[in-house]
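Please find one structure pasted underneath; my questions will follow.
As written, the chain order gives the labels A, B, C and D, with residue 1 at the start of each chain.
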Amino acid sequence: MSATAVHNLWTMAAADPIDKIDAPNIEYGQLAPTLIVIGAAVIGVLVEAFVPRKSRYYAQLFVSVVALTAAFAAVVALASSGYGTTKARIAAMGAIAVDGPALFLQGTILLAGLVAIFTFAERRLDPVAHGNRIDSFVAQAGAVPGSEGEQAATKAGFTTTEVFPLALFAIGGMLVFPSANDLLTLFIALEVFSLPLYLLCALARRKRLMSQEAAVKYFLLGAFASAFTLFGIALIYGYAGSVTYGTVAKVVDGTLTTVDPALAGTMGNDALLLIGSAMIVMGLLFKVGAVPFHMWTPDVYQGAPTPVTGFMAAATKVAAFGALLRLLYVVLPGLRWDWRPVMFGVAVITMLGGAIVAITQTDIKRLLAYSSIAHAGFILAGVIATTEDGVSSVLFYLGAYSFVTIGAFAVVTLVRDAGGEATHLSKWAGLGRRSPLVAAVFAVFLLAFAGIPLTSGFSGKFAVFKAAAEGGAGSLVVVGVISSAIAAFFYIRVIVLMFFSEPKADGPTVAVPSPLTMTAIGVGVAVTLVLGVAPQYFLDLAGQAGVFVR
Amino acid sequence: MSFPLLTATAALPAVGAIATAAVPAARRTAAKWLALLFSLATLALAITVLIRFDPDGDRYQLTESHAWIADFGVRYELGVDGIAVSLIALTALLLPFIILAGWHDADPLETKSSRWRPTQGFFALILAVEAMVIISFQATDVFLFYIFFEAMLIPMYFLIGGFGDRAHAGSDEKASAQRSYAAVKFLLYNLVGGLIMLAAVIGLYVVAGNFSIQEIAEARANGSLDMATNTERLLFLGFFFAFAVKAPLWPLHTWLPNAMGESTAPVAVLITAVVDKVGTFAMLRFCLQLFPEASKWATPVILVLALISIIYGALLAVGQRDIKRLVAYASISHFGFIVLGIFAMTSQGQSGATLYMVNHGLSTAALMLVAGFLISRRGSRLIADYGGVQKVAPVLAGTFLIGGLATLSLPGLAPFVSEFLVLVGAFARYPVVGIIATLGIVLAALYTLVLYQRTMTGPVKPEVSTMPDLRVRELVVVAPLIALLISLGVYPKPLTDLVNPAVEHTMSDVQKKDPKPEVEAAK
Amino acid sequence: MNPVNYLYLAALLFTIGATGVLIRRNVIVVFMCIELMLNACNLAFVAFSRLHGNLDGQIIAFFTMVVAAAEVVVGLAIIVSLFRSRHSASVDDASLMKL
Amino acid sequence: MENLIALLVAAPLLGAAVLLCGGRRLDRVGHWLGTLLSAASFVIGLALFTDMLGKGAEERSLHQHLFSWIPVEGFKADVAFQLDQLSMTFVLLISGVGTLIHLYSIGYMEHDERRRRFFGYLNLFLAAMLLLVLADNYLLLYVGWEGVGLASYLLIGFWQHKPSAATAAKKAFLVNRVGDMGLSIAIMLMFTTFGTFAFGPVLEATGETSEGKLTAIGLMLLLAACGKSAQVPLQSWLGDAMEGPTPVSALIHAATMVTAGVYLIVRSGAIFNGAPDAQLAVTVVGAVTLLFGAIVGCAKDDIKKALAGSTMSQIGYMILAAGLGPIGYVFAIMHLVTHGFFKAGLFLGAGSVMHGMNDEVDMRKYGGLRKYMPVTFVTFGLGYLAIIGFPGLSGFFSKDKIIEAAFAKGGTEGWILGSVALLGAAITAYYMTRVMLLTFFGEKRWQPDAQGELPHPHESPKSMTIPMILLAVGSVFAGGFFSIGDRFMHWLEPVTHHDHGDSPLSAATVTGATMVVLVIGVSLAWVQYGRRPVPVVAPRGSLLTRAARRDLLQDDFNHVVLVRGGEHLTRSLVYVDHTLVDGVVNGTAASVGGLSGRLRKLQNGYARSYAVSMFGGAAVLIVATLLMRAV
């Protein structure tokens, strides 16, 4: 094509001046959940600015809890008024989709976030220092570890109550992420929930060096990944001339041509599309922690403050998988035959890799990190199904998984010794003898992870594998069961350790938590058992939420 | 709808488990009695099931059916046929004895921190296992069965790993190490089996769309559901693998000796006499009924495996130095017989196999529990540590001998009936197989008598010279078992009447006719 | 000049940035490389936008800059705190957690 | 009347149950109770017998159906009894001799504190044995068959504190099990062939199946018989079985149980008649064993072992006769009965001798006992004369008939079998004379026992001597009584269908020959043991002698081939199980663990290498996607 042609194009575009831009109309009602949370986050910032330090904690806790509850109520209201099914629509000028999957995932994220906030707010685990209760977050993020500054801050009873608004911002981003209906929104949402998480990772009270290291790693790799995503978006834009899911999808399956035939040589050729989509998908796979984009997971999970880890492990996965689903099902269904095999491969190595490497872990948090990787693999199996069942099974799995995860990490926070949480497995020896209840609860979570029947883990696994098998990925199911067998081994190892090995003399003590953590753990156990024994209701819910709007 | 008898039978021990677990730490004895009480109540319910069941009635009776997980096509469907009834009865019958026999097995050695309540846990777990076993005998929905088939592993696992045999050669660390090795081995073997079955279960759903064996079997019968040959075979293999691990069939057997060796005698009985029966039962109930063609296709291989199990198990039993491991290998040999009977696909074979499940339960229970009493006295599992016991404890020796004779299936005792039926059944279709299997009875005599001779006869070893004879509690455990062994050996008719109709159904499932005797065939 | 070349440039910049991330040790430099990648994206957006003759790409570019800025804030905060506690700006020193 | 049949079995069974479960409080009366109950079943037997004599030959067979035992589709096993002339003969022999031996044991076991249990076992044996001969189908017979095996196991090992006894018991049971395997296979064959295994239907239907099938069944039955009746190659247990108390040896291992094999073959006559090859096999086994046993009997110095050898050989005669078919059945049974008398007598005599000699069993340490225990001497002597076939005594008639029948088989077989039988007779005469001389004649060779005191032999108490006398009477007259006018033959004929073969030799010649060999045998023995003094320590002896002392190396063979081989096999299997079968699994686990360890190394903590993996991953992702499109 000649340079002039392009030039003309451009001048033509500029020739007719854009006289008026009609104001966008925003359906505030349908965006209520997100708006509430973001608003609350802003309020949280103001609280940090104006409320006296003593009462900040309570104010923040109050704001967050109220906001999350309200947002959840809003989600429920929207769902019950049929936005999930019949009245599903695109809102905010095509930026946000309000449909079944979006609402279901938002609901899940909000509940998970609420429970996580409880664990954030726990202040009974550590012994009272200098007459004020302390939580698991650093007294003053700026203070150098081990410096006088830090000691002073501790003495003064500083607490980093910023974590609450940060968490709210993250949740806000996560709410948008799975419901984003154009690539730009997707990217923004990604950053909005990533950046606060980077910070949260750095705020551990104990083992601060590790915490900061985790933050750096997470940040660098995350930014790296999002750069890829962005470039992918650019390429898709180049291919389709638009970043709105609907349009791109139309272009992909050829019902719409946005590209001047003259330029087809440059753009509109599938290389752009394929490479672009691959790069975006890569960014999402990074967030869900799929092999080979998983390597940040263990380090970050280990280094981050345990409540944050639980929050990340649960909510981030939900949001990221939501976005992945929407991308693959709404934007790239036309490319199914291209990405399915690739995702198949990713799912396989993720399941196997996660399970195998986990066997030799010695730190409980790293162990859970690898198990979360393996689970990402299982969920991917459901994604592959490319059926409505596949979607709903993934939704169900995410719901089941997130609560177990938060509960498990909450239990981890309870087992402590002089250096804070005792995360090395050897410390857990004989826990079942010393405090049977805690050990039993943790065993329940582990069994759920292992997918033993009568736990939510089994229902989820069954749903996903069933969908995959129906979707014609039977071999994936076989790989799945094999890796679950491998995975079972290390979950059982922990149980053996807790119940069958003699307690060590210098073993850790089990702190008695406040009602906050108890709720978190309780909810975890309840969800595990309910979804294990009588999952029908939730399966229906996920089933109704199985359809995307486009 | 009428009173859900089956649900009650399964639920009662579950309730009992919770109740027992809830007993405060100090009231150990109360927990024991509570557990015993619940097991007896369950027995009563099981007997009512036995009475309410009409052998000549429908195939599945006392059925219950409720919606459960529609999305998975799963219903809560219970129902029993003659085979299930007899096995439920066996389970419910053995449990009180197991509990009685294990009366002191879980008494804490020293008073640990008050939160740790081994005794309550022990009995609660046993009851939990009973509940799950019973319901998996009742389930007529594949998924429902699968769930409890798998869930069963967890309490069993804690029973094996948590409450090991105290008579252990070697240090405590060594003991607990071996124990948890055994427990993990047990769990992983069965879990792998179960997961592979899970794949098959999912496959079955994809093919059939629901899990009710009755519906599927019907659909297969009237041709509205036809599986591709390969699909059926794969699904069959998936199911069979899990059951073969549980049963256990050579070469998937090695978890059993460890598990039985390391666990206390009552738990060992629970494993081999009750839990493992689910495996063989499931072969009969699911493999043959859902995949008749594939079953026939696989028969030759399975028969060979069964034969290997019979001979191999017996030979290894001869080679054991540890009483409990010996019994374990003997059981492997016996499970070989059961599988042989099932896949001989003759009425005699299958009736024999079913009777064998019951009788083996009784005989192993008798032998193993007495062995447990013996071991608890001397504090050693090694055969070499005993000798001349019959001189100091004649009753113990006598009961032990009877248990042994039952194990070598002496005519007049129950196991003979079943073993002979299995042999005849196998012989009728595969003479060579029948003959080879008959070698098993010689080897059985060998390992049993060697065991008896080494432990009970000869000059009295100083260590055993002060050994007390059976106590009342122990007699209460053993006597009824022996009585049953004898009476079922002399008059097994009630049992066969119960089983025969069910077996005929299975035979019609696989569309097999008994081979006609030559003389009649000639006519 | 042919705007397609801008695309090639963008790709080149992106690659350079990525390579930098992979090979440079200094956190700041690594971070700058990431920024470079983002800017490569911007360039691509703008180029495409011109090729397509619609403004979306240019708008996205603005968004990207904002995001990049935010990222800088967060990133530097973390990096600085790390630097203060370790007195080293090398990525490889931050390797307490491994295996 | 037939309702009494069950009582025959029930009485001793009840005794066993009561005595074994009764506990110490029965120690007082236990032995009397046991004896009483066995006597009771003898009396019932007599009653049935007289009733039977009252009837005509054809309707003598009684039948009692108790209940259906194992009702399974296409498989019918009943608990039902059949009492015909054959069974009746056995009933009388078993309960009769049994009662006598109960009586004897009262004295013999007086000083054993476990006497009650002993009688319990004896009753158990009687019950099982009667069940065996009364069963109307092979499966029920099998029950009795194994039942007697159990009883014999318990009784051989009665003195369990002696390891030798325990081992002997185990060996007996095991060897028998091998035989039982044969029986069960035979039953299965019957089931697949005839669809049933009740005597009546099977034996009537033999015509309808092939000879091959019948031969197979026959051979399996023969295997069973070999096990139970200690015939080559399964004879090795009988010698060791002498570890049991002497009454046991007399009752079980001489008079009754060991003859069950003969019963089985005669009972299954119809099958064997249809299978000449099987019959031939039977005769061969019989012939071989009768020589084998005789030779062993010559070499043993242990009086009971010597008698055991002779038992073996006498049963060899019976088996031989049974193998001859209708010619021989009657004589087999007849010899069985007479043998029951005199062999039981001999054993009781031996027991009485041991009783007097501080349980010394080595005949070389006896000598000149005839003065000290006259009754024993006389009864034993009569038994001796009977067994060697002294004219006019039981053995003479029965054995002579068998030898005749053997010749009557005709053809070379006939000649061979006949001459073997004759040779056997000679050897019998030899070794029995040896026993006689060593025990009762010559000078005293008594040795001090463990306590260092010489034995003072004395006559045994009445309870022991009376049975001996009664048995002696039996062994003197039974044969004559049976043979005069072929009573016994006519009695059994309805069951066994006798036919006279055409003997190449006249009865007279055979008798003459028998006499000649008898004289030779006796005189040879006298030359060796009567004329010159007998060394207390056995001389090394010829190769054959040494072999014979070791049961012609049968045990050594078993030891090397079966025991050693078995041990190696099991040991290697245990190894295989541990290393191979388990090893595979553990190996897999280990390799997965190793893989995990290696993959773990990739997680090296450097953010940049993580980035590398991401970059590589992205590259792979892109390339893969493009490839998917390309292909």
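Everything below uses one rule, namely that contacts are C-beta pairs under 8 Å (C-beta built on N, C-alpha and C of every residue); 3 or more make two chains touch, one makes a residue touch a chain.
Note that the coordinates shown come from a computational prediction; the quantities given were computed from them, not determined experimentally.
Among the remaining chains, those touching chain B as well as chain C are A, D.
Compared on C-beta pairs in contact, A-D and C-D come out with A-D as the pair having more. Ranked by how far their CA centres sit from the centre of chain A, the chains are topped by D. One simple way to say how far apart two chains are is to compare their mean CA positions; for chain A and chain D this gives 81 Å. The geometric centre of chain C is 97 Å away from that of chain D, both derived from CA atoms.
Taking each chain's centre as the average of its CA atoms, chain A and chain C sit 24 Å apart.
The mean-CA centres of chain B and chain D are about 37 angstrom from one another, to the nearest whole unit.
Residue numbers of chain C whose C-beta contacts span two or more other chains: 18, 21, 30, 91, 94-98. Chain D has residues 589, 600, 603, 605, 607, 611 in contact with two or more other chains.
Shown for chain A are the residues in touch with two or more other chains, namely 216-217, 220, 224, 228, 298-299, 489.
Contacts from chain B toward chain A in the complex involve residues 67-72, 112-113, 115-117, 146-148, 150-151, 153-154, 157-158, 161-162, 172-173, 176, 179-180, 183-184, 187-188, 191-192, 195-196, 198-199, 202-203, 205-206. Per the touch definition, chain D reaches chain B in the complex via residues 20, 67-75, 79, 139, 142-143, 145-147, 150, 153, 157, 160-161, 163, 165-167, 169-170, 173-174, 177-178, 180-181, 184-185, 187-189, 191-196, 205, 208-209, 213, 566, 569-571, 573-574, 577, 581-582, 585, 589.
In the complex of the two chains, the chain B residues touching chain D come out as 188-189, 250-251, 253-254, 312, 315-316, 318-320, 347-348, 351-352, 388, 390-391, 398, 405, 410-412, 416-417, 420-421, 423-424, 427-428, 431, 434-435, 438-439, 441-442, 445-446, 449-450, 453, 456-460, 490-493, 496-497, 500, 503-504, 507, 514-520, 522. For chain A in complex with chain D, the residues that touch the partner chain are 216-217, 220-221, 224-225, 228, 270-271, 274-275, 277-279, 281-282, 286, 291-293, 295-296, 298-299, 337-339, 341-342, 345-346, 353, 356-361, 486, 489. If you check the complex, the residues on chain C that touch chain D are 18, 21-23, 25, 30, 91-92, 94-99.
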